[in-house]
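Per-chain numbering from 1; labels A, B, C and D assigned in written order.
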Amino acid sequence: MTSNRIPVTILGATGAVGQKLVVLLAGHPWFAVRRLCASDRNAGRPYQEAVHWIEPTPLPSEFGALVLDSADADVAGTIAFSALEADAAETIEPRFAAAGYWVVTNARPFRLAADVPLIIPEINADDVRLVDRQRAARGWRGAIVANPNCSAIILASALVPLERAFGIEGLVVTTMQAVSGAGYPGVPSLDALGNVIPHIPGEEDKIERETCKILGRAFPVSAHAHRVPVVDGHTLAVSVRLTGNPDPADVTAAFHAFEPPAAVAALPSAPERFLHVRAEPDRPQPRMDAAAGNGMTVSIGRVRACPVLDIRFVAVGHNTVRGAAGAAILNAELLVARDLVSRPT
Amino acid sequence: MTSNRIPVTILGATGAVGQKLVVLLAGHPWFAVRRLCASDRNAGRPYQEAVHWIEPTPLPSEFGALVLDSADADVAGTIAFSALEADAAETIEPRFAAAGYWVVTNARPFRLAADVPLIIPEINADDVRLVDRQRAARGWRGAIVANPNCSAIILASALVPLERAFGIEGLVVTTMQAVSGAGYPGVPSLDALGNVIPHIPGEEDKIERETCKILGRAFPVSAHAHRVPVVDGHTLAVSVRLTGNPDPADVTAAFHAFEPPAAVAALPSAPERFLHVRAEPDRPQPRMDAAAGNGMTVSIGRVRACPVLDIRFVAVGHNTVRGAAGAAILNAELLVARDLVSRPT
Amino acid sequence: MTSNRIPVTILGATGAVGQKLVVLLAGHPWFAVRRLCASDRNAGRPYQEAVHWIEPTPLPSEFGALVLDSADADVAGTIAFSALEADAAETIEPRFAAAGYWVVTNARPFRLAADVPLIIPEINADDVRLVDRQRAARGWRGAIVANPNCSAIILASALVPLERAFGIEGLVVTTMQAVSGAGYPGVPSLDALGNVIPHIPGEEDKIERETCKILGRAFPVSAHAHRVPVVDGHTLAVSVRLTGNPDPADVTAAFHAFEPPAAVAALPSAPERFLHVRAEPDRPQPRMDAAAGNGMTVSIGRVRACPVLDIRFVAVGHNTVRGAAGAAILNAELLVARDLVSRPT
Amino acid sequence: MTSNRIPVTILGATGAVGQKLVVLLAGHPWFAVRRLCASDRNAGRPYQEAVHWIEPTPLPSEFGALVLDSADADVAGTIAFSALEADAAETIEPRFAAAGYWVVTNARPFRLAADVPLIIPEINADDVRLVDRQRAARGWRGAIVANPNCSAIILASALVPLERAFGIEGLVVTTMQAVSGAGYPGVPSLDALGNVIPHIPGEEDKIERETCKILGRAFPVSAHAHRVPVVDGHTLAVSVRLTGNPDPADVTAAFHAFEPPAAVAALPSAPERFLHVRAEPDRPQPRMDAAAGNGMTVSIGRVRACPVLDIRFVAVGHNTVRGAAGAAILNAELLVARDLVSRPT
């Protein structure tokens, strides 16, 4: 099984997103984790000793014994998944890209750069072509390909049928975000328990700008970000103004009609349903729906008219799978499917 | 202390709001609870036996031994606080009003009737004059005076300075509501724990219509209602369009400048600050701010520009105090202050 | 796949345990759900309309359309899984047993009857022989086979190696139980959120008596039962006195050495590991460990000396899988493996 | 009011316990906070800028503007409340005691020293006499007086009537502890939400040893410590062996009969009821009972026979008030009442 898999590196392997990458890549049909990189402080230690494992899924034994490496770009490699913090990503990712790696990153720093593809394969797979411009401009042998912020991914996924069918003129989105999105140790329990925190530093700006970049067009987005006492799964309440003022039945039909490109739907991590439109009056809910499609499906419900803009609805997605580690893996699968990364023979 | 207090009745005394009325009226300077009414099933039992007490404050001993009465309007009285469920309120409240009671109600059925005052004393105290029309039209000796839905109270309180200073043209509000708003047993813990429920039956309609009635003018309101795992305190994320497109500094100044009428601010249950505008980037929060002003202050924060409408902000209020029992008591105090209810001499 | 599966009935299919049975039996290699019974109120309605589905796993489509039947024992059948409430179980289960069904029950009423096997297959599979006595005494063509209370299952599973290796002389157990154990609607969120409820009606008695029956010998058990704000997974803190006063290393070795009978370990629902002894200082935890072994593994940790009795440890198990629906299914599998129930040919 | 109050210093004023001391000492009749000390990093900054305020009660304005001082023992003073972390306490507290301060500490390092009083005034007020020996042995002009660990305080408070009436021969206690006991940021929300953590470093040893020191006699204590998703209020499930094997009615009578010394009951922070024995089957609960007696009452319930030891019961107390800051303040009040600290004239 491993013989023809592509060896991959994980940068920032001990963090929350790094751990999720390890879990999701265990047994991946195309990728084989060969190298786990961590801060210099942890380099040289077996992964299982250095990591404070927070996944309910046990640490796969084949990775526990791997000795952590420092994030040295001189070691040859093909794909480097980056789960680095922003500061580290800003300096380390360019080194790996320069050295020839496909840096498939969940980190923030390069997402809005004009020459960096910010990809949700079901939406804008063709934006990977930006890497040609990126390489030319930056003189890199490799490239950086980013996935958006967790909330922006869920929002853009829910919006793409509306943008395609009608055109978006503006929207107000209120997020109720799970604590796993803040990593570990992340949100102190004294702040989270029985509480709502109406502020996540930088989040609203990310949602507003990244959503437009993914959908390929600027329109006004107003985001209100909140942390709520939920472990996994972001909930988004959206009011949107659409060209032509469609009614809820039109919009529901557009949600149902949306199909990602067949080549994307065939990727190993793509869910059976990209979007699941629910008819129940009280769904989606994070506890019930975040894990839909192995965490890769975005669930939508309560599509109804909005007295101020045009349409209101609710969307729920898994913030660390579709919103982070799973997003990065799907992006890497896209690179392979497009023959940008070649498979071992 | 009791000699010159006004004897009051509580309808629906065993429910969650009824219990909060009992707690808040214990030791009230103007009102003395003399009669607790419950369903026929519980009539004849001592209150302390019939009630499943859910308040952290112990049941005041002077009320525990009171024998529950059925909701018979033939017993003479002055003020009846109604914490009835909607179905019961619809039939029982008119009987008490017809019999001469001032029915100060937290229940829904009569809130939107054109001749029923829907009062937040700091906002529209003069609407109590509607009772003249109500009595004439209905032939009642007493009257019904209602307080709004818990979320509508918090929203209207936060909006009134903006309506007065600029004029509201429309707004989108997302609520994150505490489970205590659903009463007891209310929301099952399997639904609430670690979850967001994006639906509260009837709530969005109440918020949209009651807010306009309180503020005295119709404008489009779009409400998204959610239940979150918080015990007490509703959080509202608001985007609002204002006449003249004021900037955040103007709006913050308007919040600070708003003063309720002096006669209202002097009522026993009125808080020192009707609105508290917070400067911290991550406030208000329900765990920290719901109890401000003994639960009667509405806290506001994160006033900032909205890219879609004009202004965004967050408001937090205590849903069972300012949003229910405390609201009713303040309304009753208003009736006394206006000499509509006379004090014993 | 279905041709040679045994048709089974679920009694109490709309409740929480009934739903878990439906989820766990979907795709079962030996059993095919053919009949879902519910109260007369729901009989005649499609399952998907009558059930308030609380499982995060979607309702399997092959069951959603099944029309609910009333619990009529005259319809022929082989195995009836009972997820009935105690009252209903007391009258309905004997009717099904009399009519020839193997009633595999999670309900309480018959667990302590001397002629009813109370089975955890890894511990006391041979107790199924009690059914001969049961049938003779009661004149039934079928029989009732019960699984223990959720906490008793986890406790007895953790204790069996100690009983076999040393002998138990007494124990004190404190449970911290998940809300899913109370079914739906179950525990009100106002009681559960941010709270500990130190009382679960009847639970302590069940734990104390059922544990002894499973292990086949009477010894003093003192149970302290609590509800905590956890969705799934009971945590038990145990202090136990053992014959011979073994030290923690001896006890840990006994935990590791325990092997269920090979025939039981080979059952389809038996986990790879019956017990998982964890070495981390802060495990097991319900959020991390309840789902181990697809919810059928009991996790043990913090084995250490007890200054009052002999040994202390912590055990965590999944209360609705190993502690209820999964327990019943494993019992039914045992009946098949022992040829008490014959497979279609 | 302030003229004849005793000026006090708070060491470790920015931490969670330091903040609670500030809240509880605001308006104290005997003590006036004059100096707030913090780490050198924060010295020189106004308290309101340096502190991350986590109390729902607003920071009292008279303290917000106080400039933080470093913990320099050369500044003269009378009482220093210590909310220091253990490491800091170990070096700083002796310096203040040597310099003449009464160091009233919540920190761990000196609690078990033979010459340091470990005081719960209702139980062992006379142990303050140990300070004579302490001063003689250590050559200090001042002294250190400690309060126990939060769980040990609640446990010892519940046990003292049983020790006095019957004599304790041993006990098993399982704690379900609130997250506020871990300070801030303390327990990560990913660990706390919907979970039980069966380990609190060092806690079991503290409970076992401090309880015996407070009660003045060694007996075996077996503690099982857990963190649960509760904000405030520790719940303890206790099984205890008592001399003479009293029955639950005897024990309940002993709980009711216990009276703290009158001089202690008259201290400003002493609650009306030291112990509150509840008769409800499901109380005490932390959400309902932790705040009893302004957080200084320990609530007891479910007194019943234990099949293994003699008696079982549940106790709940407020971990940061009775279990920390309030405990220290009560100890300081005791020093004043005993004229060990003199009041300004």
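What we mean here is this: contacts are C-beta pairs under 8 Å (C-beta built on N, C-alpha and C of every residue); 3 or more make two chains touch, one makes a residue touch a chain.
Being a predicted model, the structure only gives us computed values, none of them experimental.
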Labels of chains that are neighbours to chain B and to chain D: A, C
Distance-maximising chain from chain D - centres being C-alpha averages: A
Centre-of-Cα separation between chain C and chain B, whole angstrom: 47
Geometric centre distance via CA averages, chain D-chain C, whole Å: 42
Of all residues in chain A, the ones touching two or more other chains: 191, 193-194, 229-231, 287-288
Touching residues on chain D, where the partner in the complex is chain C: 170-172, 174, 176, 191, 193-199, 201, 208, 220-222, 224, 226, 228-231, 235, 237, 239, 241, 281-288, 301-302, 306-309, 312, 314
Complex contacts: residues of chain A adjacent to chain C: 56, 58, 193-194, 231, 287-289, 291-292
Complex contact set, residues of chain B against chain C: 16, 54, 179-180, 184-194, 229-231
